[in-house]
Every structure is written in structure tokens, then in C-alpha cells.
Amino acid sequence: MKLKALILNCTLKKSPAVSNTQALIDKAIGLFAEQDVQAESIRVVDHYIAFGVSSQKLDDRDEWPAILQKILAADVLVIGSPIWFGVRSSVAQLVMERLEGTYDEADPETWQFPLYGKVAGVVITGNEDGAHDVASNTLFNLSHLGCTVPPNVDSYIEAGGGKHLYTNKTVRFMVHNLTYMARLLKENPIPTNLRRLVEQAQEESR
Amino acid sequence: MKLKALILNCTLKKSPAVSNTQALIDKAIGLFAEQDVQAESIRVVDHYIAFGVSSQKLDDRDEWPAILQKILAADVLVIGSPIWFGVRSSVAQLVMERLEGTYDEADPETWQFPLYGKVAGVVITGNEDGAHDVASNTLFNLSHLGCTVPPNVDSYIEAGGGKHLYTNKTVRFMVHNLTYMARLLKENPIPTNLRRLVEQAQEESR
Amino acid sequence: MKLKALILNCTLKKSPAVSNTQALIDKAIGLFAEQDVQAESIRVVDHYIAFGVSSQKLDDRDEWPAILQKILAADVLVIGSPIWFGVRSSVAQLVMERLEGTYDEADPETWQFPLYGKVAGVVITGNEDGAHDVASNTLFNLSHLGCTVPPNVDSYIEAGGGKHLYTNKTVRFMVHNLTYMARLLKENPIPTNLRRLVEQAQEESR
Amino acid sequence: MKLKALILNCTLKKSPAVSNTQALIDKAIGLFAEQDVQAESIRVVDHYIAFGVSSQKLDDRDEWPAILQKILAADVLVIGSPIWFGVRSSVAQLVMERLEGTYDEADPETWQFPLYGKVAGVVITGNEDGAHDVASNTLFNLSHLGCTVPPNVDSYIEAGGGKHLYTNKTVRFMVHNLTYMARLLKENPIPTNLRRLVEQAQEESR
């Protein structure tokens, strides 16, 4: 079964404006293809997504549920974000807020969240300092939601186009480690029964 | 072969002062034992560690090399830190700084860093707000050094002793997911040849 | 001349949904009135603001320019934000991104940015850990834009309604210190000629 | 009365090793002198400071109380820190932890903390990404302790020596704004009676 990767481009610029983040994402998609992973990207700002923390359709125009379906169908999830004022973009934050909704949709048996078993990475566009903060917050959030974070899965491109070698290196590390780990977890799903562990904790806290 | 876990308690308080962080660490050690993982902890502040960013013995009294040996021998690495001023403790930061030295000791063949193949978690003591920042920075640093971060591996204890159920829950999630992933990676080491990927990137950047 | 304060409520919830952040903001408005400061709040999510990093009207419906006018007319600027996933809300980030546009509108003589001379504070609603990160990032961003940050200007309310005394204390510290500093700066505007300093730096770097 | 500035160099390298941070600090000291401010720096790692969160002498060799005396005698406090792993240095964190002790030494009448009335800035040495995080955390911590943060008081030097113009510009902005604000606050001390505000909050929370 072919692995699937989804890369969410959280640039502030709507198509067809040039997105530096997209340039790096396209490179990642090509490298995923070499690893026999079917990758696609969504430019989130081209869609209307309502503000909120739920997986449900929040108003008539809200396109989140369709994007969430794509996320749930993927084995690899990559968030691509520029840095603005040292922090991930408002579009990336909006995506993370909507993903909070998945906490409420745990598996009835194991209580694992829907993102359990997926692997996560980030693509950062460096308009300014803050890559570390964007990457660490975003990967930590995704690990809370159930994703596994392999080593060296933060790739980076400078807005101005500098550090070319660094970009080419980090995107390769990212694609290779995400692919390996996704395949490993697909064949060996995390068996943790969170429900039973919660019950044990409740017993102990009584 | 039995898995080994090492938990570094980065409290500011020397023995025999009571450390809230240690209480949670001891619980984790017990839970690791149930999973057939041999866990031990080191109270870092009881040792003298020189300031610096190298793996070498930096002065006559520097005990870092001995601690590093224990880290390298472990399959699971957990950093335990209180929060001070919203940031991980100076002792935890000192440990991370010394771990920068391992970047210089990559495998001559694959260029993988020495911490590749290990899994990482954190134990946070909440004197105040900042658990998110301490966990995300520390796990991200460890993933940069080569560790894999499974889902839900940040456990948390309130300094005052509140949120008992939350603590008991998070420490169980952490121990179970770290153990599963450590076993999986021990049997299926990450094969990524970073050296070859760097060479490809150099070629492309020429 | 009466001082003016503007508080931007960056909750994700549109009116008329109950906003915890608004409850604390209303308290702050009352306390500002006692200090003879005319305060008002805007619930940003009730308005449509386009994504971007410019002060200009970015599309037909974009309401940012009107909000920016209110910001520029105020002496005190307070950002109110809930915490989601340890980070300020997407609405707060969107506001900060649009404020990047003011960098391009420096005074032609002194090169001071339009927010020079204002004072800044934050109101945080604690759904979860992360108040420290939201406050520090937001206040630092505002100081970069030209605002002065007096001591103890981060007020905090727990989503669940706990820590009542802490909230009542921090909101008072915030209002009193913001008011004192705003009055002081209004009477004693920061005279720094950034343009001349840049020219000196250019000379030295030649 | 001549203003005093104290700059704490929190490099990890003991004298006489070359410290990039010190180079920028020396430039700041010269610029302060031009503004008639008497500035000096302390290279903290040359002194032994015990781990802890108290202002008291914690063991026989602990030199913190002498450093704290210098801090208390200064009108301007600047923390100079390199970035390691995206976070301020362990030496800088150690300094901040010890400053927590000043919370316990509030003025008996007004309950203002000992750092009230001072102004704060930072000098960051960029070995890597993370300047934003180091500056925002450190300035926010200092504002909590009582310091006022004027606009544009984070100066930055690249470890490798690049961005020369940016460094020369930011250090000038920092010195001029710190000096102006320190003089203003010395002549117009913040009058806020925190004690009375706490009593009002207690009354309201009853």
C-alpha cells in the first residue's frame, strides 16, 4: 500500500502570488515521489476556514472538514509556515486550532486520537528569526495530537533564497526520516491502550 | 536484550533536599520496570558539570563525560526539569549545551549523530506556567540530536501536588509510548545515510 | 487631554458567544475609567480582516484600516488573547501580522515607527498552559513596533474561572502601570532620532 | 546624579577566551559613556554562582550577593546572552533564577519589587536561530521583576561577525532608548502602590 503525505502550506499569500514556502514544498514532494510516497500540498489560505477549535463544519462556507479528511487519509503530515514576528503564521495557528477538535474523536476502544500512527514534520520559511520556535511548537503540538516526530524533520528555506545548501540538506533529511518512520509505524501500529492507562491512573488517584 | 532508560533530574536542589521532579521520576522508573525496561535516574546538580558545548572533559573536576557515557548506553532518554521563569532550569539548559558536543561525533560512515536511534521524553515540574515551552524546546532539541519523539511523552507534576490524576495519566502514556518506540527502533534502526544526502545536496547547490 | 486605551479582544468566538477574555477586558475598562482613561474594546473576530503584512486595505471587505486608525489614536494598546496549543490565538497572530505594516510608515524625520510613544499590555485567557509564551512574545513584538512595556502589565484569567484573586490583582497592576507610563510618555515623548542613529551605524559599518 | 548601567555577560566561556558577546557589550559601554551613563559589565561565568532561587548566599563560595548588589545599584540592567539550542545560555538562566529571589524583598510600604524603576535591555549573540525567543523571554522576565522595557532595546551580534550594520544600528537604538527611559523614571518614579491594589483585589475576591 502506497504511503501518502500531505503538506499544508500555511503562507499568508493567496494564489497565484509566489510563495517561498511552496518552492520548498514542491521540492519535498519530488523527493517523496523518489521514495514512492504520494505527496500533495494544499495552500490553506486559498480556502475559507472558520475560526474555532472543532472538527465540525462551523458555518456555511467552512472548508475545514474536507481538509481534515485529507489529513486523516495521510500517513505523513507536514506543516509549512513562514515566520511572522517570531511566531508561526496565523494560517498555521488556525490549522492547529482546528486540529484541537480531533481530541474529541478518540477511538472508542483505545482512546487513541485520530492522528495516532502518523508522522509529522515542518517546513519553515525564514523571513526572520524564529524558525526554532515555529518548529518546536508545531512539532510538539502534533506529537500531542498523536503524531510521532522522527529526528531532523524540520526543513528550512530562507525567504531571500540564501542558505541553499542548508535547505537542500534539511529537506532530504526530513523526507527520508519521515518516510522510514511512516512505513515502520504503518506496519507496527502503536498498540498503547490509553483508555486502560487512564483507568489505572484514576484508580491510583482515588 | 533489556532496554535501558536514563532519566536526568535537572532540579536546582542538591540531595538530600526534597525534589518534586524526583517523585515523578521514581514513579516513571517503577512503570518502566513493569515494561521490563531497566531505568535509572541521575540528579545532575549533585555532580559538577562545567559550562560549555563540548563532549570532552573541560576541566579537572568536570563529570560530564561519565554522564554522557550513561546517556549513550541508554535506549530511552528523559529530561526532567522544573520551570523557572517560564523556561527550563539552568541545569537542564547546561545538559542540553553539553549535548551539543555530540554533533561533532557523528558516525564516520552514515554521519548519524550518536543519539540517533534513541527515543526521548520529558518530565516537567510545574512551579509555574511554562510547561509547554519547556517540553517543546527540549523535545525539539533532542529530535535534532537524533532522538525520535513518540506521541504523548511529556509528563507533568504540579509543584504543589495538585492535578494528581493528570500526572498519573501522563506518566503512563509517556512510559508506554517510549518503551514501544524504543523497542521498535532497536529492532529497526533508522537506516538514513545522512552523508549521502549531504553529498546530494552539495551537488544540487553547486 | 484625556488618555485613550484600546483593547483588542482576540478570542476565536464571534459575538454573541460568551468570551472569558471579554469578562476580564470589561473589568479592565472599568478600572481604566477610574484612572480617567477612556477605554474601549474591539472584538476582532466580529470583523473581517484579510491575511497579510500590510497596513493597506487588502481586499474589498478588509476592515483592518479602520481598526488600525483606532490603534493609532490610542495611547495604550492591550492585546487580549486566549491560549491555544500553547500559542496566542490565530486572531491575535493575524493582528500582529497586520501591525508589521506599520514598520513601513515611519516618521519621515525621526524614522520612529507609528507606535512609538504608546504603552502596551496583554490580557491572557488561560484555557491551558502557555500564558508566559503568549505574553512574552506579544509584549516583545509590541516593543519592537515602538511601544514601551511597563512592569507587570500581563493580566490573566483562567477559562474555568479559578484564580480569582490572581486575576483581580494582575488586572489592577496592569491598569495602574499602563496609565502612569502612558501619561509620562505623553508629556515626555521619546526623542530618539532613529534616522541619525542609522546613519551613524552606516558610517561605522562602511 | 549620574546614571549607572550594568551589563551581565552570560557567555559560557571563561576569561580570557574571546567572547563575541563581550565585543558588543564593549561597544554598548562606549555608547553609554557618550550619553553620560557610567556602564560596566560582569562576565558572570568568571564567578561561582550557586544554583537556586534565592537572594541569599547559598553556600560558602557563592558570589551572587555581590553581583546582586551591583544590579540593585544600577539604573539600567542589560542581560547579554548567546543562544544555545534556541534558548538563552545556562548562565543567563542561572542569573534569572537567582533574580527570582528579589520577589521576596518587596518594599514594606508599596510592595514594589527591588527592580521597580529600573529599565532593561538585552544583548544577544546569534550562534544560531533563537534571538527572538531569548529576547522575549528575558525582557518579559525582567518586566515581571519590575523593570520597564522601552522600544527597540534588543541588540544583536552574529557569532560569525556578519550583519555588521544591523548590530551597529540595534546597539545604538538600545543605548539611546534605555538612557532616555532610565532618566525619565529616575525623575518620575512609578508610584503604584501594589499593596493597596492587592488589598482591593482581596476585598473583591472575598
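To keep things simple, chains are lettered A, B, C and D as they appear, and every chain counts its residues starting from 1.
Here, contacts are C-beta pairs under 8 Å (C-beta built on N, C-alpha and C of every residue); 3 or more make two chains touch, one makes a residue touch a chain.
Nothing here was measured: the structure is a model prediction, and the numbers come from that model.
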item: Neighbouring chains shared between chain C and chain D, ordered by label; value: A, B
item: Magnitude of the superposing rotation for chain B and chain D (Cα, nearest 5°); value: 180
item: Chain separated most widely from chain B, comparing mean CA positions; value: C
item: Proportion of interface numbers common to chain A and chain B (over half same, under half different); value: same
item: For chain B paired with chain D, centre-to-centre distance based on mean C-alpha positions, whole Å; value: 30
item: Whole-Å separation of chain centres (CA-atom averages), chain A against chain B; value: 23
item: Euclidean distance of C-alpha centroids - chain A vs chain D, Å; value: 37
item: Multi-partner residues of chain A (at least 2 other chains); value: 86, 132, 136-137, 140-141, 144
item: Residues of chain D touching chain A in the complex; value: 86, 126, 128-133, 136
item: Complex contact set, residues of chain B against chain D; value: 12-14, 45, 51-53, 84-91, 93-94, 96-97, 100, 137, 140-141, 144
item: Complex contacts: residues of chain B adjacent to chain A; value: 113, 115-116, 132, 135-137, 139-141, 143-154, 164-165, 168-169, 172-173, 176-177, 180-181, 184, 188, 190-192, 194, 197-198, 200-202, 204-205
